[in-house]
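There are structures below to look over.
The same chain A turns up in both complexes below, where it pairs with chain B and then with chain C.
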Partner chain A sequence: MTAYLIRRLCYVLPILIGVNLITFVLFFVVNSPDDMARMHLGERRVTQAAVDKWKEEHDYARPLFWNANVDGTARVTDTIFYRRSIELFLFKFGQSDDGRDIGYDIRQRMGPSLAIALPVLMVELLVTVTLGLLVAVLRGTYFDRWIALVCVALMSVSGLFYIVGAQYLIAKLLRIVPISGFTPGLAAAKFVALPIAVQVLAALGANVRWYRTVFLEEIEKEYVRTAWAKGLSESAVMTRHVLRNALLPLITAIVVTLPSLFLGSLITESFFAIPGLGSYTIDALQSQDFAIVRSMVFLGAVLYIVGLLLTDIAYAWADPRLRFGEA
Partner chain B sequence: MLLSSALRVVSADVTPWNNPYPADNAAKSILYSVFQERPKHLDPVSSYSENEAVFTGQIYEPPLQYHFLKRPYELIPLTATAVPEAQYFDARGKRLPDATDEQAVAKVIYRITLRPGITFAPHPAFARRPDGSYYYHALSPEITQRAFTLNAFPETGTRELIADDYVYEIKRLAHPHLHSPVASFLGKYITGLNALARELRHRTYGKAEFIDLRAFDLLGARVIDRYTFEITLSKPYPQFVYWLAMSFFAPVPWEADAFYSQPGMAEHNLTLEWYPVGTGPYVLNENNPNRRMVLRRNPNFHLETYPDAGEPSDGAHGWLAQAGQRLPFIDEVHFMLEKEDIPEWNKFQQGYYDTSGIAPDGFDQAIRVGPTGQPELTDTMRAHDVRLAITTQPSLNYIGFNMLDPVVGGNDRRARLLRRALSIAFDTEELISIFGNGRGIPAQGPIPPGIFGFKEAEAGVNPLVYDWRQGRAVRKSLDQARHYLAQAGYPGGRDPASGKPLVLYFDAATTGPDLKSQFSWYRKQFEKLGLELVVRSTDYNRFQEKMHKGDAQIYSWGWNADYPDPENFLFLLYGPNGKVRHQGENASNYANPAYDALFQRMRVLPNGAERQRIIDQMVALVREDSPWIWGFHPQAFTLYHQWVGNAKPNLLARNSLKYRTVDPVLRAVKRREWNPPRLWPLLLVLIAAVVSIVPAVLVYRRRRYATAL
Partner chain C sequence: MSFTLYPTDALFLIIVASGTAYFTYLRRDAQLRAQWRQVLVNPLGASAAVVLSLYLAIGLCDSVRVTRGNEILSLLDIIAAPLRTQVEMTYSAPFASTGFVMESSYAADGSLHRDFPRLRYGGALLSDPASQRAGDLVQRLFAGVALGALGSGAIYWLLGGWRRDAGGAHRGSLPRGRSCWPWLVLAGVGMGAGVLTTVAPYYHVFGTDKVGMDVLYQTLKSIRTGLVIGTVTTLISLPLAIGLGLAAGYFRGWVDDCVQYLYTTLSSVPGVLLVAAAALSLDAYMARHTASLTSLEARADLKLLGLCVVLGATGWTSLCRLLRAEVLKLSAVDFVTAARALGVSPMMILFRHLLPNTLHLVVITTVLDFSGLVLAEAVLTYIDIGVDPSMNSWGNMINSARLDLAREPLVWWSLFAAFSSMFVLVLAANLFADVVRDAFDPRLHE
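Let's look at the complex of A and B:
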């Protein structure tokens, strides 16, 4: 296991370099430094001299990858790519193109994103696993068929509809919670309740169907039949045997969502005016702020790598039969 | 049901559940508004966008401002004692009566005298110890490392506004690390500004290093005495006086630059861009562009009173009720981040925002066409006693032809007739009706209503596109357009070279699916003449590149007035402002020597009969050449609640929040009245869920206890 983890950690650097390179190429295929300057300076009365000055000031006046005007290693190091990349690997996000401290913004926005994502994860797990178990137990009954119908209906509806519909129904017609907004501390509860409910509901259909399948697969196995034969109660069979043995897919589902806990949800945050990280990247793309875009993509890549490593570790913990890297 | 009723009774006197604000704010004098995009610049030298002016206009005070109530828009003093008169001098220093002979003018001087006794809002940059030294001008890295907001600096101070502060700001236009969008433009006029910029560039300064601009002389900005300064222009620019009402000429104290330029401050967002300091009615008390921005009353704000005169109808609207009272009226203004239109609109209807525009999705809920054909509020809005203000904006949205294009461009007869035919076929009235919900006035030329030079009714009609019949402008027939097209060499819209429909290209920066239907409508307008329109949609950057290189053929563009002078619109067609050759704002690259000569004369004349005569000639010329399909002047529909006072729209004054009033008691009552929670539907859902589980449980129990045989 240790050797496996060390090997996986060694993959991290080339993956991050690759992600950084792809982000860089994709961004600059669409946006030239001139475009970025014009976006930041505005449309009115801007001259080429002002554009050139902005580029020089923001370190975008160099060549992108290869500086033919200098000698030696500076041909590589005196480029936008090198200078912008090297600091990222030291987790120095620096300043956005309009002068904001990116690290500070990320720290500020992480809290609101977590305030929604963590409860969503927990409530979603509780509700979907419970319902999944319930329909697995009641398979073949009208309840199972009714839940299947509801799940398919829930899956067929666009995520945006849930948001707009919930805002209209719960916040506007029933006036139970605010339509949008956020405030720090405990008072945030009334602002995040609706987005949490919407996210749980939007994912409910697919998740319940998924867990039902997982649990049914376990229920059909011989050890469960043995447990029944031993005369164990329904709840003991389902929780102590079925649920425990269905942990692997559960862990996969949980750990893979870890990065999105931090990175937030774009549409939900936007509609509910939650000042999280979800809209941070899109705002940066719209305003062509490369400094923020590369930082957020880099952070996302790091979080996904960490998430996958945790998945492997959790697998080994949940199922001692798994031994990574061993024949 | 009973529970719900009981809850309703209990909640009748408490804060509504859906109230997004703290309960103790209900009785406070706070105006609630929104922002959709965080402002990029709050430094007056670099701020130029409308969404920034909402903040900077309340914080900074340039020497002049626009009268809040009077129309046409009128400049009045703000911190100055009077609106300065331009003084013209020839090369020998002899005073000239005016700038009619522009070539004779060697310099123009504006002398501005400030009102004494105006002080800056409290700020740490001014804080001094008893010995006179500044508390926070020599901060150690340990302190700046821990500082992320101005709250880290508890001591504050102030000082009197003096002429040096204005001169200092004018020098900042040349600052090598501040990116003023107007520096290049003003450099053409303000004597020595470009030379100062060059001098500062040649010296090597660190990016955040404090450049004490007091040590540099600028010929075009000079302090005369404590309260008087002069601005010198190298050539006449009568519209310059309007610039004195813009934030670029707002005072910046050197202490602020010295404070923010210390090492470590910019890295923690502690800059003038984020924590402005001014003399205006409000200070930016909280700057959290991720959630909200809060303006709070400036405790040091000088004496300024509500105007006692305006338009004749202002009294009837109640807009003169506070005449003579001290400004500002509201203690705080909270701008909440709302990225989407729907939540904003719903919260306005619930009373949580005090004013609102009308999003396309909400238009039918707010506005209907009345019996007289005029827009009026719907019954729902009337039931809430919402008020509507309609104003024609001093701006123009037009369809432009690239005059450098071989097909639609050029000044030959063929191209003129082609453009004229298209101008007739392009039904602007329908465009306004379908895509703007009727919010606009078809343009007859480049000058919008409310700006000198604009002519109303028959006198203002473009005779090449409209006929005046029975008291209204009627678009000429399509037959007339087809006739022009045939004369241009495209009978039936066919290109004689290929025998097929002439293909024209519309270049656009696609920004959303909504535009697709609009482009489809554009195609239909051209199809009326048998022409084929190909829409070349691209991203914003590529579109800008096309415009800068002159590769676009037909495009859509707009201009919003910087100031209420016809020069600010007629310069959009001035040859030396061509976008491709001169990087100017003449996006069509239109160049007509006769027009250019008239423009040169018009720009230096005062408003009067002579200027009107020249403007008429210029408008006639561009109508004849038709470099634009004239498009329309948009109308702003603003809704405001019954508890908001003095909401007269002023589309040029950026500092109008100081005139607003709000009645928080009435607002709190209405919010409670409009927002009682309804719980019974949720209870029904809960009961239904429980009931639906019962049979399942019964089935389960039956199966659980069933025997095998």
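Let's look at the complex of A and C:
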């Protein structure tokens, strides 16, 4: 088990380097530091001296990949690529273009993002697994066909519609919760209730359909027929046999959503003015702050990979064959 | 008069042409023909196909541009000229004959009135809108329905719906199912279009927006943007996915390692973030390098192409993974071994033997991805990394109409038009994709 995990960890490193290289090419090669300086100082009337000063201030005054002016290993290490990459790997995100510490901002904004993401995950699981099982039980009936159609219809509605519609109906007309905003502590409940509901609803159609296929695939297997044949009740078959054996794909589905747990849903956070990581990213995109966007892309990839590792561990836990070292 | 071709126009037309070529090629292949027949015989599939064809027709009309004087107009602009040119002062409700915002005006005797002003174009031919408007609308409605019924009847006739042989059986060129639903959808779509032709030149069917532009016109123009994003993106990602996927699965070894590393790395970045980062970077790059393009439209078009490239370059990984796995499986099958033993070159094996046998995956993925891409456009445009703000698109419509919801009384028609036209397209695409998957996925037939 440990050896397996270590092997997986070794596999992770090249991927992270690759992600780092992609973001570097996107943000430093396509747009050189000179371009960035001009973008922030104003496109037209800007002197080379001002550009150099901006680069000095923001620590961009080095060659990109290869420094020919120095000797030894410094040729590689005294470059933007090396310095920025090492910083990312140590989770030192440096400063944003307006001089704020990115690492501090991320820590500050993690809480609000989690306040939405964790409940979304719980509610989503509960609702969709229940509905998925229900639809699987009723397979082949009219109810099943109608649910399938409703799911497709729900999937076809733009996510923006759910947000705009819910804000208008629940917050503006019925005045049940505030339209947007956030406050720390328990009082946040009234602010996060609507975003949570909207996110669950927006994903409902696709989720229920997916869980239905997973459960149906399981139901068609022989052992389920055996369970029925020996006279177990429908609920016993469903919960003790089908649900337990469908755990593996379920775990994958949960873990894959891990990055969105931390990054929050970009759009939802921004619409509801939740000061989380999602709205942080959007603000950075709109102000063209490359440093922040690059940090968030890297962080997202790290989380995804951590998620994959967790999947492996969870598989080992949920699958007795792996747990007892047969496979 | 001369034709103008923007890059995305060219690509879109190429896609439509190759789609047509595919269907002509299909006539020779019995199995493919049977699969597509299964799609079209399914009532949902056929109904969705009718709706999709309507959108496609509008999108095509909007992709053929001619230069008139110093204007570049698309065929759609010329057909819908009344919609394009009849610009009001500001907001007006659907079918309204008076404005939505009260205005002060001086009467002939110098006294000040506050009233809803008459619209310049909406219901302008009525002398007394209050009493005549309803009657006029009903009249036009009936005329439109009749026109639409005639039109869809003609299409039905053209497709051979009424041709019967002596025994009374259908002899049409279309595969026939037992359901009348597709024809009802066709009739419905035709009548809708008929009503638009009789009503839209005289009323603003979806009202007007803040600057008085007709919302129906914006909605129609947005269709092309959505279709281009849904199809051109695929055109860019398909060669990547097919080439790399086939190569990885067939050659294995270091080729496989490299391809696997490439797609694992790309897919380990959360989708939206990768697209956002790439689009942001490209955006900044283009802002510096397209200053020479003076025409606003040409720049917006280039930006649309850039967005498609970004979406395509980041979206090929899932299909590539599927293709690789499938080719790995197929390579062990006897017919490939036989071909290899006969000395067929690897390229020949890849494209003559392996590609046709994995084509069902390509078709299914392409159709499934389309609806997601149409929806993604709206979201990306909302975060300012989508299409150019000057281009008509559903994302831009939603974006600019979002603040209208805060107005009192409510201005709902822009959002309604954008969301509903998007919903119809995506719903049709989703239903179509389901039917296509059912017909093409061999696992479902075992």
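In the analysis below, the second predicted complex is superposed on the first by the 302 of 327 C-alpha atoms of A that agree within 3 Å, B and C clash if a C-alpha of one lies under 4 Å from a C-alpha of the other, contacts with A are read in each partner's own complex, and residues count from 1 in each chain.
By our rule, a residue touches a chain if its C-beta (ideal position, glycine included) is under 8 Å from a C-beta of that chain, and two chains touch if they have at least 3 such contacts.
Fair warning: this is a prediction, and the values are worked out from it, not measured in the lab.
Asker: Overlay done on chain A, so just call it for chain B and chain C: clash or fit.
Answerer: Verdict on chain A: clash between chain B and chain C.
Asker: Touch test for A:Asp35: chain B only (first), chain C only (second), both, or neither?
Answerer: The answer is both, since A:Asp35 touches chain B and chain C.
Asker: Under the stated touch criterion, which partner chain does A:Ile196 make contact with: chain B (first), chain C (second), both, or neither?
Answerer: Neither partner.
Asker: Please indicate which partner A:Tyr168 is in contact with in the superposed arrangement: first for chain B, second for chain C, both, or neither.
Answerer: Both chain B and chain C are touched by A:Tyr168.
Asker: Look at A:Met110 in the shared chain and tell me whether it touches chain B only, chain C only, both, or neither; answer first, second, both or neither.
Answerer: A:Met110 contacts neither chain B nor chain C.
Asker: Touching A:Tyr304, do we find chain B (first), chain C (second), both, or neither?
Answerer: So A:Tyr304 only meets chain C here.
Asker: In the superposed arrangement, does chain B or chain C reach more residues of chain A?
Answerer: Counted on chain A, the partner with more touching residues turns out to be B.
Asker: Classify the contacts of A:Leu285 with the two partner chains as first (chain B alone), second (chain C alone), both, or neither.
Answerer: second
Asker: Check whether A:Ser270 is in contact with chain B, with chain C, with both or with neither, and answer first, second, both or neither.
Answerer: So A:Ser270 meets both chain B and chain C here.
Asker: Quick one: is A:Thr23 in contact with chain B, with chain C, with both, or with neither? Answer first, second, both or neither.
Answerer: second
Asker: Touch test for A:Ile219: chain B only (first), chain C only (second), both, or neither?
Answerer: It touches nothing on chain B or chain C.
Asker: Where on chain A do the contacts from chain B and from chain C line up?
Answerer: 30-31, 35, 38-39, 164, 167-168, 172, 270, 288
Asker: List the residues on chain B that touch chain A in their complex, please.
Answerer: For chain B paired with chain A, touching residues are 16-20, 22, 37-38, 40-41, 48-49, 148, 176-177, 179, 181-185, 207, 266-269, 271, 273-274, 288, 290-291, 336-340, 342-343, 346-347, 349-350, 352, 539-541, 544-545, 562, 583, 585, 675-679, 681-682, 692-693, 695-696, 699-700, 704.
Asker: Using the touch definition up top, name the residues of chain A that touch chain C in the complex.
Answerer: Residues 14-15, 18-19, 22-23, 26-27, 30-31, 35-36, 38-39, 43, 152-153, 155-161, 164, 167-168, 172, 259-260, 263, 266-267, 270, 281-282, 285-286, 288, 290, 293-294, 296-297, 300-301, 303-305, 308 of chain A touch chain C in their complex.
Asker: If we count contacts the way the header does, which residues on chain A are in touch with chain B in the complex?
Answerer: It comes out as residues 30-32, 35, 38-42, 44-50, 53-54, 57, 95, 98-101, 104-105, 108-109, 112, 134, 137-138, 141-143, 146, 164, 167-168, 171-183, 187, 190-191, 234, 270-273, 275, 279, 283, 287-288.
Asker: Applying the document's contact rule, which stretches of chain C touch chain A when the two form their complex?
Answerer: Per the touch definition, chain C meets chain A at residues 261-262, 264-266, 268-270, 272-274, 276-278, 280-285, 287-288, 371, 375, 378-379, 382-385, 394, 398, 402, 405, 415, 419, 422-423, 426-427, 429-431, 434.
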